[in-house]
């Protein structure tokens, strides 16, 4: 396998290297890539969409259809991880509980699963006493991270960022909670059902905005027609349409990141993880 | 004047970074290395970020001030997070049963 | 030497991305561990992203966020001042695709580990043959 | 962009890439991959691709590494190559 | 007011996929009806698009209201249209036919399963309809990602073979992306028609040649062309039956379509045949594919695995036909995409039905099946005859065109390979029929019901199978008019008649 690998790799590399001979020099201003299609985006994006960040404008408007499928790919990954890993019926294994007042640890082998109570707290089998400093700092930090994520989503028009990055950061905040406390804490605040529903809702918002455009008489994802509903002119309608789409992307990405992490780290049981 | 302050801040930040790098390479065991990395890195990055924030205020505009404020926020978070992360790693090391280095041991 | 530097500067980015691609592809084909292959896959994908971003580069171009050039109500923008935004857009999509593939692949790896208790490909195949 | 800086970071990227696939511990491999992604992100920031760099910083260096670590936690660190 | 059908074709199943996946957490019983509605709407709109294209010519649709080189445009001509209809209708029929099998296999995750199913259809339909090179890549990844997840749901080795498929598929996708990147750096555009017009002065450039190679290798991995087919047999064999009868007929055929699309409307035939002159090399490769596929099929002991190797050799037919470099070969290749999709879905559905009843597809477990499941076996016979190429069925006609093309191009090796593989198919299928007909029903079936009883599958599974095998004959009878109305207009003018 190794020699075959080396041969294939060298062959591919040689082919690619051979082709670089014909490339325009790196960073040349007159290369076809920077003279044919892209100048129009730079020149017109501000006029046509009122979005200074050209990447956002191209991402969500000119090539918004690509981005819809990009979100769909993420959604597929979330559903795929769910369907591959999640196990619903689990055999009752060993469980550990702690009496909160006295800090006595109970070990229950198999059998029935005790109900939730305020006096006992369930703890992980691979139990490590969670550290006070890390717990406190992370709990303080999570709201700020979420605030930053919302800023990234909302400010994607003017600065780098947008739905995808903001969604990842939102998801990361919940993942941070799951890592610093334990997975049950995170799932209590953000249940699996909510998560899976949000996953679908986010992409649904994206596709739904596109479909609304059809219903209003323009083409799919042609945000100009939204001006009839939003009471703004056509250019601002594009800008608002981009914003709505970014929100949808953010919701889906957040939910998918959390879902993949939960399923991976708990091997589908969603009770205890990293 | 501002330039001088910025240069001083950046250079002292660099000195602390160098110290951290030397410490990680030269110190004998896990805990001492983390000690170097944790303290020197935090201080070095604080100084550097402060330098950048000040440099940003070169021509004083409202927007520049806002972005400097954001950089100061980063500074704040670094100040909280870097020691916490170091603490977490050391904690994991203690749990994993790493023995601290003593003088009797060979390197 | 002085003639050589412009020649290297003109193309070195493309050459180095090819080296990265070769590293990634080699890891995907020749490595035995399933997770190592995944790391190779990610290196491969990032190298392609590097290639695309290199296409978008322009000498003297800044980030594609328009911040000046309003003349008489019209925005006059010189495209030479900004780098090409289109490859960035494409590569955002490619990054997303790579992280999705990574998620599904890791899920599969966890599933395989639960069944065979190993991540080495040859050990799994030996176990299958023994059955 | 300053091409000397660019070249230096590219060299570092290649060194980390080789280290990532050569190291004989999956956890180390995951962490090195995070470093690799972060260097990549720097490279793109130099090339003025800020959006791509931001995404790579949050996805490649952040979430991907967490996924790798989670998967290693549920499987094994052992690897023969 | 412009016509939104090309967009609706893709959006509606997408919307329904999200609804299905959300509904799984609210009201489970609604999942399946929603999925059927989504798939049915997709089939309905694809038929409408096709009839529209037949009557009024090519349809263009620019998404987001942006003109083609700047935005993403859909470009549906007859070639797209007919493949669209094949994909969406077959997926719809398969969804109905495998309802029971799927309900047994995934009792708790039905919602997620059908969401993935619909997303897979969306991916394939999008690949076929799109006119943008990068959009094609994204949709390719949608289709691939869903198929990795769906295949891994099977028993036994399924996750491992799916992971192997994932590695190969990602290499393929990345190679395609590299090829598109090379095209982009040389032309600066991503739209297929635009690239085609910009490419003409660049034909001599090495970068275009490399771009072409990488696109073809990438697509070749995804369609399991011979030396790159290693992932296919395991993946399709271990997949659950509802999934293998969806993915096996459609995925590879759509990839062949992508290859033909790249050949005729991105790089154009002049480049593929006169500048590069790769024709005979590709034909020799496909001869190898046909012969090796047939030979490997002979060695298999599992019904589904045998079908998988038949697919490998059928891919050789189509690639070889497309690369023969004349109109008859291209006609044969396009016709064979349709026919082969129909034939393989028949085979795999029959296999799935048998699996549903006796839970084992090893050949020595099939004894006496004609007595036990006569209707299913009759459909299997029809599909088998079509694969072999017996006249009233459609398989004969596409083979006829391919052989004519081979004779015109002077590629006698290709013709010999076609005949050889037909011969092998005769042996294969008659062995299956022999086991099914003459085999001792009691043997190999120690457990369970008495062998003499008829345990035919439920009507809900049989009816689609019967419709499909009737379709085999109908396609065969109407071949002449299909070729005249649909395929002749899309053969590019540069090809020798």
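Each chain carries a letter (A, B, C, D and E) given by its place in the written order, and its residues are counted from 1.
Quick note on the criterion: contacts are C-beta pairs under 8 Å (C-beta built on N, C-alpha and C of every residue); 3 or more make two chains touch, one makes a residue touch a chain.
Treat the numbers as computed from the prediction; the structure is a model and nothing was measured.
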| item | value |
| --- | --- |
| Steps in the shortest chain-to-chain touch route ending at chain D and beginning at chain B | 2 |
| Other chains in touch with both chain C and chain E | A |
| Reference chain B; chain at largest CA-centroid distance | E |
| Farthest chain (mean CA position) relative to chain D | E |
| CA centroid of chain A to CA centroid of chain D, Å | 19 |
| For chain B paired with chain C, centre-to-centre distance based on mean C-alpha positions, whole Å | 30 |
| Multi-partner residues of chain D (each touching 2 or more other chains) | 1, 50-51, 55, 59, 63, 67, 70-71, 74 |
| Contacts with two or more other chains, residues of chain C listed in rising order | 9, 12-13, 19, 21, 25-26, 54-57, 61, 63-65, 86-88, 90, 92-93, 96-97, 99-101, 103-104, 106, 108-111 |
| Touching two or more other chains - residues of chain A | 16, 20, 23, 27, 31, 33-34, 37-38, 41, 53, 55, 59, 63, 66, 70, 73, 76-77, 80, 84, 160, 164, 260, 264, 267 |
| Chains touching one another, given as label pairs in label order | A-B, A-C, A-D, A-E, C-D, C-E |
| For the chain E and chain A complex, residues of the former touching the latter | 1-2, 4, 7-8, 11, 14-15, 18-19, 21-22, 24-26, 61-66, 69-72, 106, 108-109, 112-113, 115-116, 119, 122, 126, 132, 134-135, 138-139, 141-142, 145-146, 148-149, 152-153, 159, 178, 182, 184-190, 198, 205-207, 209-211, 213-214 |
| Contacting residues of chain A [partner chain C, same complex] | 1-2, 4-6, 8-10, 12-13, 16-17, 20, 23, 25-29, 31, 33-34, 37-39, 41-43, 45-47, 52-55, 58-59, 63, 66-67, 70-71, 73-74, 76-78, 80-81, 84-85, 158-160, 164, 256, 260, 263-264, 267 |
| Residue ranges of chain B in contact with chain A within the complex | 77, 80-81, 84, 87-88, 91, 95 |
| Of chain A, residues touching chain E in the complex | 15-16, 18-24, 31-38, 40-41, 61-66, 69-70, 72-73, 75-77, 79-80, 82-84, 86, 88, 193, 196-197, 199-201, 203-204, 207-208, 210-211, 214, 217-224 |
| List of chain D residues in touch with chain C within their complex | 1, 3, 6-7, 10, 13-14, 17-18, 20-21, 26, 29-30, 33, 36-37, 40, 43-44, 47-52, 55-56, 59-60, 63-64, 67-68, 70-72, 74-76, 78-81 |
